[in-house]
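Following this line, the structures themselves.
In what comes next, subunit A is part of two complexes: it sits with subunit B in the first one and with subunit C in the second one.
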Partner chain A sequence: MSVGGSAGGAPSAYDPKKLRMYGLVGSVVGIYLGAILNSALDTTVFSFIGAIAAIFAVVMGANAVRRVCAYGIGTGVPSIGMLALGMGIIAVMFGLSMAETLGSVLLGPIIILIYAGVFGYIIGVIANKVIKFNIPVMEEGNADLSMAGALAILGWSFAISGTLGYVDILNNVLMTGYIAIIFIAGGLAILHPFNANLGPDEKQDRTLVNAIMVSALAMIATGIAAIATQGLASGLLQLVIGFALWFYFFKMYYRLVKRDAAAVVGTGLLPPAVQ
Partner chain B sequence: MDAFSMGLIAAMGALATVAGASEDIESDIGSQSNPNSQVQLAAQVGNPHRIYNKAISGEPPANALWAATAAMVAYTLITAFQMPALLALVAGASVAALFNGVFSISSYFGRNSSQARFNQWVYMDIVRYTTPSIMAHAWITAFCIATISYIMVYMLPTPHPFPMPIIALIWGLAVGAIGSSVGDIHYGGEREFQNRQFGCGLNTMLSGQIVRKAEAGLRNSIDNAWFCTKFGGPATGMGFGLTVFLDNWRTTIFDPVTQASLAIAMGIFFIILMVVYNNYIERSVRAKYGPYPEYKGDIAA
Partner chain C sequence: MNFDINTIVYILEILVGGLLVGIGVHFVPVGGAPAAMAQATGIGTGTVQLAAGSGLTGLLAAGLMMSVTDNLWLILASGAVGAGIMIGSTMLTGSWIYAYAVGVPFASAKVNYDPITGFSQPPYVAIGTVGHGIPTICFVSGLIGGMMGGLGGAMIYYPLYLINGNAALSAMFAIGIFLVNAVIASWNIQGTIEGFHDPKFKKWPFAFKACAIASILLALASVLITGGA
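Entry: the complex of A and B
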């Protein structure tokens, strides 16, 4: 189906294995860095690192969406993005409460990562074997998506609450309702890049730059939420950094659009058709 | 039940009607969801066009984002800065509209540049004058939905237990789903193929053969807003307004705690009523317009 992009695997300049490593390492290290700095210095200023860590996870997730959906899942792009966050939120809640039970908050991200990977893989197997999607990268892609969704939710939840404690995240993120914006902005950050660039001439770098841009937009949203939970200073810092990232990557995205488009014109009549 | 809460329910119904109408027109200006596949396909079958291609997921997730953003900002301003509710809701809707603008522009750029081999150009004038009207409609939708959730959480005599952003998310999903199933058909079926006989359905042969020229000049998405305001938008508004009004009406008339079974029975009664009425409309339309005749050549004017 031509609407869903080219079939048979999307050509890519960046290897998915490398992107997965960068995504996982970047987001886990970022979340730990933010959590340790926050608790060691007894402040909430470093919460913005959690939102930056989420960007790494989102890039990996957007690449997984791109790989799975290049097999012609046109209208399924939004669904798979929502699926990623749905799998992720279960993993986050499970991992955080397990870590709280085990007595060490810092175990949380590792438990979440392992749980999300296994959970996503099982969903992928069900999608391929039971529902019969028959997409070769489905299992791998779903494991990636689940991990990306979980780490993105964890990163942004940390950015809003400022700690990795289960009770704090429950009070600051779930009870206030901020989970709604994390869920939907995170879901769109993962699904929007490929959805917005769908077409036969889609390019991987343009899609991934779009992913960074949209997750910076989500960082602006978590910055606003952090104003209420952590105070003006840490919230505004997060908001300003988010805006700066968004601005930089939006300009980069526009540059790539000008590179890839048939023509970017001020105005004009219909172009001649090419068949 | 008292007069005050009944007034609130009526206000919520009115807000929902406006939200539904603006949501549908917003998606039609950008050719989102249902009509989007034909806009996307047009260039690929050799019909490059000047119509906005705003592919922001489906309508439900996209509208959930605008509504949740507006409610989140308003909630933050109300709780952290004790700002008056109306000002906070306006500020929230403005942030949501800005988000909408970024998403719209990025998908117009992305979709069109991914069709470079079909010579689909990126027109900057389309971006400059269509995006603000999309954002304006998204502002109205986000404001109305955030206000509905504010009323549900802070003003009703039996407040809703969920926090405000979550309720806005759910209503955003609902308005997107209703807009995409009620209003978009008017644009997708009637506007993009208005040069075909009414009710002929979409033959595979016609895929992507959308109308690209307008009454004067080339068709753009503002023309589509004008067309959809006449039927698609109001129909969506009525659909969503009735959903919000009837749903809240039954839990206001009957206390949801002590008279829960009556409220549920009333809900089931509404569903049965709607099914019967829809069945009647479908039958009467079929009787009036009949089965579509076989194609026997163009009809002379």
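Entry: the complex of A and C
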């Protein structure tokens, strides 16, 4: 067993509790930092911090997918990713709307986090008690997934709209339809890593690096959307940072693939720069 | 948000919609990855993809109808028919591929005789598989399931639109409620089912209970949000 840690019952090199702490703190702090910097300096340049904050949430979510799906849920890994995003979108809209009603925009992420955590935990309890899954980490895993989905959607929505205001997010993200991109790109970032890497040789670090790589791709997509909603400067900045992150983590992922594979035979399709 | 009798009606509508989605999933012949290799009966993809596909088509059809009328029955019928057409055409084109490209006879391994056509099934099931293709009984079951999903989607979308008056928000919220219920139901059937003749169909009360709890929680959240106007 190398440093990675393999799935089957999910022994892992990185403790899930630590990853959860990093994920929650990283994404919440990131979203607040971006929102406060944006509103204090009256600019939209710092919107990219929202997309980076989403990466923390995605890593936490991908790890939860890995833990739950290692038991085998029978419906394929994509179903749980879609569940995460389904729970997430409801938590985000509920939280932002409540924060608007209560009159303080900055309360949003906290309400979202609480609703997502409680609702995810209840779904986990239902899955174990009513559907009779009997997966020991189901409650915990679903709470993680729900919070990860919600914070990732919030992070990317903030990256596109540039504020945490409910009306702005409605007009810039939902009415324009960019939410569909967030939904699918975000779903991919959370469900794809384990789906792509699963098997007896699955290693935690490879799966999580894949998660960062896909969320950087999502950041490129939100960057393109941000060009339309916030103007060229802040959108392009987001796009460039997303591309740089993707490139760096793609190379890292490729290195891990070469570490874990018995042999890698190139087809010549990848340019030499990334190999 | 004023809490009155309408709010309770909205909550009940969302609850019934969620339950229709959850039960509808049990009717759709989901074969998963084995069906994609023609080693199991049903459509060769996962429950969530099928439920989401038919449900979202139902949402679109219901939304379109809602833009010209506010008659609940027309909107519900439009949603059900839209989703039924979607799942029906998926099964039809899937059948062409199974029949003419993969080259398998349509047979179910769960029943000896197709309850609708009365055709014998076991002689046509290839050794080592659990049926292949989409037999008549599965097709009919799938149509019922798709229409229930579309009806459920429309039933969720209608009250949401009346609450917040924002079509995009209502649609996304309905998709969220839809996905949660579809995934819970697909966990109940453990990924694959042939239709209402499958022994697994008898497990539907578990999904009913689970979807009821989840839908109530989602409905309580959805009546509280505003359209941002």
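General remarks:
Here is the rule we go by: the second predicted complex is superposed on the first by the 255 of 275 C-alpha atoms of A that agree within 3 Å, B and C clash if a C-alpha of one lies under 4 Å from a C-alpha of the other, contacts with A are read in each partner's own complex, and residues count from 1 in each chain.
Methods note: a residue touches a chain if its C-beta (ideal position, glycine included) is under 8 Å from a C-beta of that chain, and two chains touch if they have at least 3 such contacts.
Nothing here was measured: the structure is a model prediction, and the numbers come from that model.
By the document's definition of touching, both partners, subunit B and subunit C, reach A:177. By the touch criterion defined above, A:133 lies against subunit C but remains apart from subunit B after alignment on the C-alpha atoms of chain A.
Once chain A of one complex is fitted onto chain A of the other, the partner contacts of A:98 are limited to subunit C, with no touch recorded for subunit B.
In the superposition on chain A, A:250 contacts subunit B only, with no contact to subunit C.
By the touch criterion defined above, A:80 lies against subunit C but remains apart from subunit B after alignment on the C-alpha atoms of chain A. Residue by residue along subunit A, subunit B and subunit C are tallied for touches, and B comes out ahead.
Touch criterion met: A:197 reaches subunit B, while subunit C stays clear of it. By the touch criterion defined above, A:185 reaches subunit B but does not reach subunit C. When the two complexes are overlaid on their common chain A, residue A:15 makes contact with neither subunit B nor subunit C.
Residues 74-75, 78, 82, 175, 177, 179, 183 of subunit A contact both subunit B in one complex and subunit C in the other.
By the touch criterion stated above, subunit A contacts subunit C in their complex at residues 73-76, 78-80, 82-83, 85-91, 93-94, 97-98, 100-101, 115, 119, 122-123, 126-127, 130-133, 166-167, 170-171, 174-175, 177, 179, 183.
Subunit A meets subunit B in the complex at residues 2-3, 74-75, 77-78, 81-82, 175-181, 183-185, 187-188, 191-192, 195-203, 206-207, 210, 213-214, 217, 221, 224-225, 227-228, 246, 250, 253-254, 257, 260-275.
Put simply, subunit C touches subunit A in their complex at residues 32-33, 46-49, 52, 166, 168-169, 172-173, 175-180, 183-184, 186-188, 190-192, 206-207, 209-210, 213-214, 217-218, 221-222, 224-228. Of all the residues in subunit B, the ones that touch subunit A in their complex are 37, 40-41, 44, 46-50, 55-58, 61-62, 64-65, 68-69, 71-73, 75-76, 79-80, 95, 99, 102-103, 106-107, 109-125, 162-169, 172, 212, 218.
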